[in-house]
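Following this line, the structures themselves.
Presented sequentially are two complexes of chain A, the first with chain B as partner and the second with chain C.
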Partner chain A sequence: MRNAIKLCITLCLVFLPAVWATPDNETLDYDTHELAFIRSLGPWPPVSKKDESNRFSQQEDAIELGRQLFFDRRLSLNNTSSCADCHQPDLAFQDGVALNTALAPLHRNTTSLLNLANRPWYGWGGEHDSLWSQSIRPMLATAEMHTDLSALQKVLSQDSFFQCAFQQTTGLNLADLTQQDLLVTIGKLLASYQETIQSGKSRFDLFRDQLVDAENTSPSQKNAILTAEEQVGLKIFIGEGRCTFCHSGAHFSNGEFGDIGVSFFTANGIDKGRYDGIKALRTDPYSLLGRYNDATKNSNDAKEQGNTETIPHNALRTSHLQLLHRNWGEFKVPSLRNVGQTAPYMHNGSISTLMDTVDFYSELDEERLHADGEKILRPLHLTPIEKDSLQAFLLSLSGPIHAAQEKPSLFSQCR
Partner chain B sequence: MKSINKTLKSVSLLGTLLFSGSFLQSVHAEALPSAGLMPLIDTHIHYSHDAVYSTPPKKAIEILREAGLQKAFVSSSSDKGTQLLYAEAPDLIVPVLRPYRKRGETSTWLHDETVPAMLEELLANNTYAGIGEFHVYGKDANLPVIRRTVELASEYGIFLHLHGDSDAVEYVFEQDKDARILWAHSGFDNPEDVAVMLEKYPNLTADLAFRTSHAYRGKVDEDWRKLFLAYPDRIMIGTDTYTPERWYYVVDHAEWSRTWLADLPTDVAEQIGYKNAQNLAAWALK
Partner chain C sequence: MPWTQLSRAVFLRAVLWLLSLVVTNTVMACTLPAGSDINRQEGEFLISVQFDKQPLELGALHSIQAIICYASGQAYTGEIKADAIMPAHNHGMNYQPSFTMTSPGHYTGTGFVFHMPGLWRLRLTLQSDNGKQLIEHDFVL
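Right after this comes the complex of A and B.
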């Protein structure tokens, strides 16, 4: 009986996408360019890769300890909030509100934590170049967790279980650490857990795989996983919409920054976006150019060989950053994976729904953009049917969300 | 306490006057930048309808003064923004007439036959140092609306702030060899091509608005340095406040400009930083 249930579950999981699609779904015709674009939006999930700047990356016990820290309110001043209070697992690891005001009014939308491993920049302004340094940020922010490091070190040191688990995981004695080392270590443990927060294959991914397979074998015109409406939306997305200029690759984001004409005034002034992000990165002691980058060992080796100019290979991107006038008011191009679950949208949460976002691009305010030469952004002037199609396609980008689960056995000797 | 602050301010002002030498003598006292800061003239400021709403005139002037600007060349869509700022701070604002009624007319204005009449009326009733910034590329510079704009600049003895390619600049000089053109963004051309144009047209000057390639982390790029040293009296700086939020970039931009200007010989830095713009404004606002 148990085997029968297992088989049923397996079959359901394998064939569910086909059930979602109507039986007579046909694959629309795609020309060579369209096929190339579709191919470029995968494969998904990406190959798992260790973050070389974080020596705890992909370590089982670090992931578990990071998971515990993620839900631990002791990280904040007066135990007011944990990471999970704003990055809620049942809300795709975001908070579902435009601007969070739980502790103090914020001026940026809380981003989802899906698929953050090995991205080039973190934060709406790209203030950080690693997931662990980004994880430190809310702890230091007075409007967010506002961590009292001295108090935190004391309380964690008095927790015999945590102290033991910390020692087992990091090889470090909690009480002996400097506050900076404690901060960085906690950041790296938090990052280790967050690397496991991923979305699985979406219906679009299954469709893409089907299409790529068909290219390699004989084309199959029947039983397409995406509906005709979704495929029309896909064609707009990769075609006249030119969405893939920015929302490119398997992450549906180029990982960089843009100004799409959303106001960046805040309640108290201005959010300079990427401009301040670059400035912050240049002075951040926790950037990949700093001493906490665990990949610097190669650099030290090079220094011993007389090459004093060597920059760790994973920090080259940061070292080449240039501050440009255009960076003023640019914000990160967000991933569109599971976009149907990450409303509200934009850096300031100013657009409530996915359809409103489609409307925004459809009626883009050209006056606001001031592009010279080739215009990447232009109003799409979509018909209602086209808007519905584009939204339907975007909704097909949602996959099941996974994150590391509790593994109490890992620290059994600490109990 | 107030009297102490007043005394400190007076000492600071006296120090600035004593140690800054003669170049500050021609500057109005009320336009002096903060002590120690090199004065600057920003030749590329817009104050369009939406900026007026988000940053009212008093606040806008406060920003310009905070940036340590001696003057700001301001053009707006519509012209109302420029007039509001000019009324607020005539010592600071150099009014320039933009031929747009609202933002977003960059590619349509030159086909709008009602534009010349609008320009004529505004020129007759107000004071301007120039007409622009306007957008025009290639042969479009020979369209009737542009031709009339060039004529009006000649009639009033004011400059043209032209955003376009080198072809457009050449067509305008064909129409009026005595025209004075401030080439917005230096045409987004490379320094070698800008040099060719400056050499060919003695009445051409160029602003560096929205350009970053000439300086990196306070150091002037070598190719641009050659241009600056070869034509020190022809280049000016500018921010380009093309969206309301960019008004808040003026201070950062001034700070950035002072950083790379410091990498040039002092006399060249002063020319590019404010003297060339001062001369252009003085020529136009005689």
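Right after this comes the complex of A and C.
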């Protein structure tokens, strides 16, 4: 015992100085303006909130059944692909290729599915206003899953386990559903699972927490979590880079759309982005303005918001959209959380590495941007050291990814 | 003081008191609460505007409560048109707000989403017999 203590003391004496000797990362000086911007990029994770348009949201068995469906190839024509074949869990729920070629070549890059709960718009052009309606899209897309709905209904109803689990979760009998109800219900189950796909605190979040905590105490006493290089990148991000004009808030996205000069030409046409996105939304039977929105109409909340008509309060954003000329060629401002793991980049996958995106912003083609444009973007002409710093900062935005795991016990009565 | 004089004084006071009651009551028909986000007179209008919450949240859907009176004390019951722009960047919101009147002079407007940090200008347009009145309010997000 005594020897053990001695050994421990010796070890401590030998190794502690080594620990002490590692140089502290110093916290750079931030003015109040910068501190406000840093604070605005959190807190993370966001408070979890039920999606009122989806009655299955946050329901345990719906999450498990949705998880099973997400990995189920039967959802596609001839069992060609499941959601997970394009949104691969070990690739941050995307596919790692510029443009996927499922049943036919696609013209948009597969987005990663992190942190999608309660976002205002889905899809690069914001074609959908709920996670469940976005989840229906690939089944209807002929180039993606091209689902044969009557065949699917037959196959799933004949699968006695699935049929039983479906009944237990939704209270509905699979075989009795109309095709639209089947589609919507599957979409809502898939959404319940996808809401659990989240990224945890990144090193940036820990740094931010530390700064916010330290605002009353003396910040420089602590060992900063971000390196000096990463902090220089952060300063560019919230400063001269003006990145937070669009990549703002805890999601590093304002949830809206912008044109940064990425080409809108596709292999065989033009992708009008948000312009067609709004048009699609307006005719979408599955939008929040349609009859499948589970939110109660005219709740007190709705009345408070001045909504005396029959528009559910969670559809007010959709009902107030205006189609503008400038929406032409705008694409969704993507979240930058875990961006180090989601290459290739942009709506058409045209930029292959993170460093290339930094180069893109550094050498921006001003001519290509809207003439009366946002005047927010301009070429940054960063030095090589600044580019490295900005990239280092972007890499610090990755947190551990987690999603609901298999829970077979939930449907034990169905086996 | 002789009786007649006294009663005349009392009578006059009573008349004054009654008159003042009538006057305050007409004003009461449309008055502005104190301490709202915007509280001012613009042309023939008295305007009070209150956002649903402060500080405003970037990219979130906001609504506002507006009370609009004529300086004469009558309630405004006409239409309100609204938008918001970022003067520095020469663009506005991606949404078209709408207003509904909840009682004479009282309005609720929704559909406000301020999607970028910086200076925003809220613009309300009222319509009276004397023409259009523009009300502008600058704020920083």
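What we mean here is this: the second predicted complex is superposed on the first by the 369 of 415 C-alpha atoms of A that agree within 3 Å, B and C clash if a C-alpha of one lies under 4 Å from a C-alpha of the other, contacts with A are read in each partner's own complex, and residues count from 1 in each chain.
Just so it is clear, a residue touches a chain if its C-beta (ideal position, glycine included) is under 8 Å from a C-beta of that chain, and two chains touch if they have at least 3 such contacts.
Since the model is a prediction, treat every value here as computed from it, not as a measurement.
In the three-chain model built by superposing on chain A, chain B and chain C fit together without any clash. In the superposed pair of complexes, A:Gln322 makes contact with chain B and with chain C alike.
When the two complexes are overlaid on their common chain A, residue A:Ile376 makes contact with chain C while staying clear of chain B.
Using the contact criterion defined above for the overlaid structures, shared-chain residue A:Phe264 touches chain B, although it does not reach chain C. Set side by side, chain B and chain C differ in how many residues of chain A they touch, and the one touching more is C. In the superposed pair of complexes, A:Glu366 makes contact with chain B only, with no contact to chain C. When the shared chain is aligned, chain C comes close enough to touch A:Gly249, but chain B does not.
By the document's definition of touching, of the two partners only chain C reaches A:Ser40; chain B does not. Within the superposed three-chain model, A:Ser409 lies out of touch with both chain B and chain C [touch as defined at top]. Superposed on chain A, the gap between chain B and chain C at their nearest CA atoms measures out to 9 angstrom in whole units. In the superposition on chain A, the residues of chain A contacting both chain B and chain C are 322, 324, 326, 372. Residues of chain A touching chain C in their complex: 37, 40, 120, 244-246, 248-249, 254-257, 304-308, 316-317, 319-322, 324, 326-327, 372, 374-376.
Residues of chain A touching chain B in their complex: 263-265, 269-270, 272, 275, 322-326, 328-329, 366-368, 370, 372-373. For chain C in complex with chain A, the residues that touch the partner chain are 52, 58-59, 61, 63, 88-91, 94-100, 102, 107-111, 113, 115-118.
In the complex of the two chains, the chain B residues touching chain A come out as 54, 102-104, 185, 188, 210-212, 216, 240, 242-246, 248-249, 252-253, 256.
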